[in-house]
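Next up: some structures, all given as structure tokens.
Consider the two complexes below, in which subunit A is the common component and subunit B and subunit C are the respective partners.
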Partner chain A sequence: MIDSLFSWIDDRVALSRSGRHLLDKIFPDHWSFMIGEIALYSFIVLMLTGVFLTLYFVPSSTPVVYHGVYAPLRGQTVSAAFDSTVNLSFQVRGGLLMRQMHHWAANIFVGAIVVHMLRVFFTGAFRRPREANWMLGTTLLILAIFNGFLGYSLPDDLISGTGIRIAFSIMESIPFVGTYLAYFLFGGSFPGTAIIPRFFILHVLVLPLLIIGLLAGHLGMLVKHKHAQFPGKGARDDNVVGSPLWPTYAAKAGGFFFLTTGVTALLGAIVQINPIWQYGQYYAYKVSYAVQPDWYMGWLDGALRVMPSWELNLPGHMIPTVFFPAVLLPGLTFNLIYAWPFIEAKLSGDTAEHHLLERPRDKPLRTAIGAAVFAFYFVLFGASATDVLANYLSLSLNVVLWAFRILCIVVPIVVFPVTYKICLELRATPGAGQRKRHNLVVRTADGGYTTIAAEEYPGYVKAELEPVALDQVDLVSAMAADADQGTEGVYQIPRDYR
Partner chain B sequence: MPEAPGTDGAGNEAGTGGAGHSGHPGASVPTGAPQFQVAAKNPRRVEGAVAVAFLASLLAFAAFGAAFWVAASSWVLGVTLGVALSAFGFALVAWGKYLMPQGPFEEPRPQMATTPAEKQEFVADFATRGKVAVERRGVLVKLMGAAGAVLGVVLAFPLIRSLGPRPNQEQSLYHTKWRKGAKLTSIEGRAVRVDDIEIGGIITVFPPDDLGGAFSQTVLIRVQQTGDIVTEPGRETWGPHGYLAFSKVCTHAGCPVGLYEELTQQLLCPCHQSLFDIGTGAMPVFGPAPRPLPQLPLYVDSKGYLRAQADYDEPIGPGFWYRGGSNGGPQ
Partner chain C sequence: MLALALAAVFYAPRHPAHASPSRPLGSAVLVDARVPGTSAALAQGRTLFDENCSSCHGTQAQGSSLAPNLRGLGSATVDLWVSSGWMPLANPGVQPARKPSHFTPSQTLGIARYVASLAPGGLAIPTVDLKGASSAEGFSVFALNCAPCHTITGAGDALSNGIVAPPLHGVTGTQIEEAVRTGPGNMPRFSTFTVSKQQLADVVDYVTRYVEHPDSPGGGLTLGGVGPVAEGFVGLFAGVGLCVLIALWIGDRNESSGESEPGHGDGSHDEGPGTETPEREVAHA
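On to the complex of A and B.
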């Protein structure tokens, strides 16, 4: 039955001809290659839970009186968006779980993209031929941040509404076109009634389609280039060493999808996120205290806080203060990220094709620049909590704010040379970062003691094996013959990359 | 200690020697090579662990179904689902990682860069075909280009121009709904009288025709019992009977300036912590706000109602490109 079904399909698409080599496709093994997978899997979780949410969410700012089960809100006039979000949380079976999973998955999605990007940066995986994929990935990060902000805004609660107000001010601040952009997006002045339905269609249709399209390109290029790998026994620029897609990688990656989803479900179950019924409906004249945006907007919020109150007055025109931290800074940031592969190629003069990754320590300058820049944004991220920190540490807001103003300049300046020095030290220390071998103290027959090095960890056996080209072997009979025969020790990635 | 199979390059010799005792014709690596052995030290034990994990996921999936059936609380649904998925995922990963041939395996990787000959051939084909296709059809090409250009321009019209009104059409960038004589009205619609607020009290007020208005929102603060409060020269009559009124929209990023500290007579914006000193006309004394909150000139009518003398004398809220300098009005 299955045979004939497969045969029917195969005769029409020639799967067995074109798909055969896919089974043997090799994926290099390294823990850091799983970070991008987390991003991919949380995007799938976002789509599944998101579809559920669209069945109950009403994207409208029409005022309605809340009559749901949450007593403190009963009788209040709220928007249909807020009303439906509270109702789908409390009155739809599994609704709260789906909503919290969706929100958690969004935070994990952007987080995984950022960490994945750091991995790619610090190991030099963006070098030729992967520059275009680096830029594609950067675009995906921007879209993920935008879509996260849109989704965060949809429930029309007090905190997200304030965020939309700030977004309106930021758009207004753009020279020449700012007010037009803001009025066209909002369908008039803030707040209006257009913004919730418009954000909704952007959030559930336009941006997801863009993300899916670019993601397909991102992964397509990955397949085309084949995954970059760390140098090690047998890994060269002209081969890929690792596990075959079928069945090893499929089992591991498939399992990892369920693990990612499972952790997201546990977070959605027991760690509350965005309890909008506590914040209440957004009204333009109301505001809450000690509120922070979702984490990926933190650096922008922090930049808005630490920016001095400079405003540029031109004849008849003005560049408002928010332009610098909220438009200029992200613009510079992402353009610098886009341009980095080309900047580095220019600086190093290295324009050759690379498929072997580099250890961060072996490129001290790149690593130090990356660490310093990341430290800058990390300080800005911290600055988004100035009010909370001032309360927590019993300091005045003044002190905390000035501390962050100074830190966001000083920390990168300190991080740069320190990172550079650490890289040099690590390179000069053989075996740094590797497992040490134990020393065994042994008593000899005549009562004396000697110290000998313990045997190598069994995992190191792996590093000694030559990679086997799959087209030269019969994996099926090999697997059948040795299914139950273990080696001594457990498979381990060789850490010795030199 | 007995020599473990595959240590010290024993496997390598077998691997490269091509001693073909595998059944696969042409195989150069024997099936007995350590690369084909599973990664687990004790496969039976790992198999047991994987089985336990699958069983746990089976039970937890069933528990999730049962919890859903009886409409259990959200955390029960989430924990059963999370445990089930995690156990299922763990089992699959362990299976793939420990119970499959440990490798390493390899495949060749072609370089991306093409040869100059390949490039040339492609470009030549593309250019020649294109040239032949359009050679004697110059007019058509130009017309097609012109039509396409017009399409590109007009495409932007419905996409952009119908989205919203032009900014200066609504006038809300430069003006609020405050007018001469407008009563200061609370959100409930009650006009504020001169004896309504205690000293140190604060209330948000709107013009009667714009209750809850995002741009008209104004904070009314009673600083003292009697007397006019002069925050700046030229504002001698703006603060009657100890009342001061300021725009509630922060001049930084537009949040409502919602927190008032009576002791220091300062307004704080909770979004980015700008601090305004109301005694000096809401001058920003701390934080990122660049300009003072505009002050609404007030008077008290014969019946004791607080009213606005006029609209704000400058655009309220955060700056924008067409604001035209620090005191810029409508252009």
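On to the complex of A and C.
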């Protein structure tokens, strides 16, 4: 009965054949391939908690008098956005947990994207045919950062209001069109009343839709190209070696989703994030010292801080200081990231397709360039905390600021040759980075000692197995045979398998 | 010696303003109702002053090349600096940090009374009256006047040139009123025209009930109240870090044989990167 229902449906939607092939998809088993999944899962957490928040959040700058449970705000005139955010935190059951989970998930989302990107960069996974997917991923990073900033701004609190003020000035600094752009986006001069509803619709509709669409493209291209893989037993450019999506990775990825959600829930439950009730409503005439953006905007904030106050006076037009660190720098950054696969292909003359990854040590020049550039942004990121560092280290703020000005030039210059040298040394050291097999010292009954080799780590045994061609065996019986022997099999599939 | 000279330079310009008897008083409270038995307290204060303060401030609190004149300063300033542990100075030349006070509250009061008795003028130790104080009004005044340096969470922060706006955790209501009205160090002095007597009581109410107990409304660990810097640290290292550890646990750690050369795989048919020559490497990328 159920069989005939399924075959009736399948006759009409014809999913079983392509579905079977999708389930046969082989995932390489290396852990670093799962970092991107953290981003995917935290995005799902973001959507689930975000839907909950929209049920209570009022995206409006309309002034209202706060009458909620938090005494120090009672009687103050605040915006409906701020009022509803405080109320959903204190007067909605689970509201504060949901809001904190949403915020932590955003921090993890962007963080996982960056770590994933570093993995892709340092293993050369962006090379042909994956350049387009690299660019798509970069676009996703930009959208994630933008959407994070929008979400951070929505509660209309003292700290985020200061951030919006900075964003307004950054837009104004764009030569010739800046003022028009800023007034267009804000519906007039700062702060106005249009910005909260506009940010809201961008944050909950436009950018999530773009992210979902591009994410589908990102994963679609992944399915089409199939995973890149590290060289290893039986791994070639024309196959994929690993474990199948069904059942192995369905279980692993499902578990991973729940664990990622668990980490987010844990942070949301025990670590306070963005306590807006302490910050209060944003007013243009109120400001707090020690204001920073969320971490993924930190490198821009740091760049603004370390930038000396140089203006460019052109005839008839002045380009303010803010333009260079806050518009020019990110523009150059993201264009460089977009262009990197092509720059590298041009420099190396290598335009062939690659599906086997490279260990960072085996490409010392790329690794050293990547490490130096990353170090530069990491120093800028640190520079966004100049005041906090000065306070905790009991140093003068001016000393810390100048230290960062110097460090952001010196650190990349030091990191480049050191990384290059480490790569060469690692490459020249046999077995570097490989786990060593333990020796067990066993005492015998008559007092003597013998040494025996310990058992292999499970992963090692797996790495030594000859992969089974999945298109030539029946997966179910092959896995049953593996289970009988108490092992986990390794499978392969041709890269052009459709 | 150099450090002492620096201390003199550091403190000298600030205090004449306080010492001037013609300066308008911030508050009308001139009578310190908390010290009974005035003569005995004065005698004790005099002894303590001679033992602990006079070597720099002079036997008649007239000041020296090392420390400013305290005459006519009033008891509020002396009480604030001594009760917060700023005085006696631990390290001349550096902005004093809060530390456990050298003296008991009654000893502190005695010193303050004694210094105030040497010359007329100055502000007496204020009496904090929180009856009818509004934490909501206090929050608003705090955000406008205090948060620009002490931060909105009261965590304190580094200002320019090594000057610090100290954290407000652990301060008493009396110390808040004394600091607001006398303006210690680089802190501006707020007159009753800027912050009225009622508003100051509101601020004291807000700071002592909410800023000093940031955990009260909930949300979990407060991470020192320094905002997104600490949050980013936790998000990246605890959040992303834990997730990556989980990935390490779920995924496999090695991609090629432990016995063969690194990067070569099984060495049979891959174009593994280890097979490339360093010359080609330099040309690449």
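Quick note on the criterion: the second predicted complex is superposed on the first by the 449 of 498 C-alpha atoms of A that agree within 3 Å, B and C clash if a C-alpha of one lies under 4 Å from a C-alpha of the other, contacts with A are read in each partner's own complex, and residues count from 1 in each chain.
To be clear about the criterion, a contact is a pair of C-beta atoms (placed from the backbone, for glycine too) under 8 Å apart; a residue touches a chain by one contact, two chains touch by 3 or more.
Worth saying up front: this structure is predicted, and the values here are computed from it rather than measured.
A.B. asks: Does the superposition put A:169 against subunit B (first), subunit C (second), both, or neither?
C.D. replies: first
A.B. asks: Taking the superposition as given, does A:397 touch the first partner, subunit B, the second, subunit C, both, or neither?
C.D. replies: So A:397 meets both subunit B and subunit C here.
A.B. asks: Identify the partner contact of A:288: answer first if only subunit B is touched, second if only subunit C is, both if each is, neither if none is.
C.D. replies: both
A.B. asks: Looking at A:364, would you say it contacts subunit B, subunit C, both, or neither? Reply first, second, both or neither.
C.D. replies: After superposition on chain A, A:364 lies in contact with subunit C alone.
A.B. asks: Kindly classify A:34 by the partners it touches after superposition: subunit B alone (first), subunit C alone (second), both, or neither?
C.D. replies: second
A.B. asks: May I ask you to decide whether A:60 touches subunit B, subunit C, both, or neither, giving the answer as first, second, both or neither?
C.D. replies: neither
A.B. asks: In the overlay, answer first, second, both or neither for which of subunit B and subunit C A:139 touches.
C.D. replies: neither
A.B. asks: With the two complexes superposed on chain A, say which partner A:252 touches: subunit B (first), subunit C (second), both, or neither.
C.D. replies: Once the two structures are laid over each other on A, A:252 reaches both partners.
A.B. asks: Taking the superposition on A as described, I'd like to know which of subunit B and subunit C A:270 touches: first, second, both or neither.
C.D. replies: both
A.B. asks: Which parts of subunit A are in contact with subunit B and also with subunit C?
C.D. replies: 96, 100, 233-234, 237, 252, 255-256, 259-260, 263-264, 267, 269-270, 285-291, 387, 397-398, 462, 464.
A.B. asks: Applying the document's contact rule, which stretches of subunit A touch subunit C when the two form their complex?
C.D. replies: Residues 28-35, 37-38, 42, 70-76, 89-90, 96, 100, 103-104, 107-108, 111-112, 115, 158-159, 229-237, 252, 255-256, 259-260, 263-264, 267, 269-275, 277-280, 285-296, 298, 344, 347-350, 356, 358-359, 361-366, 369, 384-385, 387-388, 390-391, 395-400, 424, 427, 429-435, 437, 456, 459-460, 462-464.
A.B. asks: Of all residues in subunit C, which touch subunit A in the complex?
C.D. replies: Touching subunit A from subunit C are residues 134-136, 138-140, 143-144, 147-153, 155-162, 164-165, 206, 210, 214, 217-223, 225-229, 231-236, 238-240, 242-244, 246-258, 261-266, 269-274, 276, 278, 281-285.
A.B. asks: What does subunit B use to touch subunit A in their complex?
C.D. replies: Touching subunit A from subunit B are residues 1, 4-9, 11-12, 15-16, 22-24, 26-29, 31-44, 68, 71, 74-79, 81-113, 160-161, 163-167, 170, 172-173, 187, 204, 206, 212-215, 217, 248, 252-256, 258-259, 270-275, 284, 286-291, 317-326, 328, 331.
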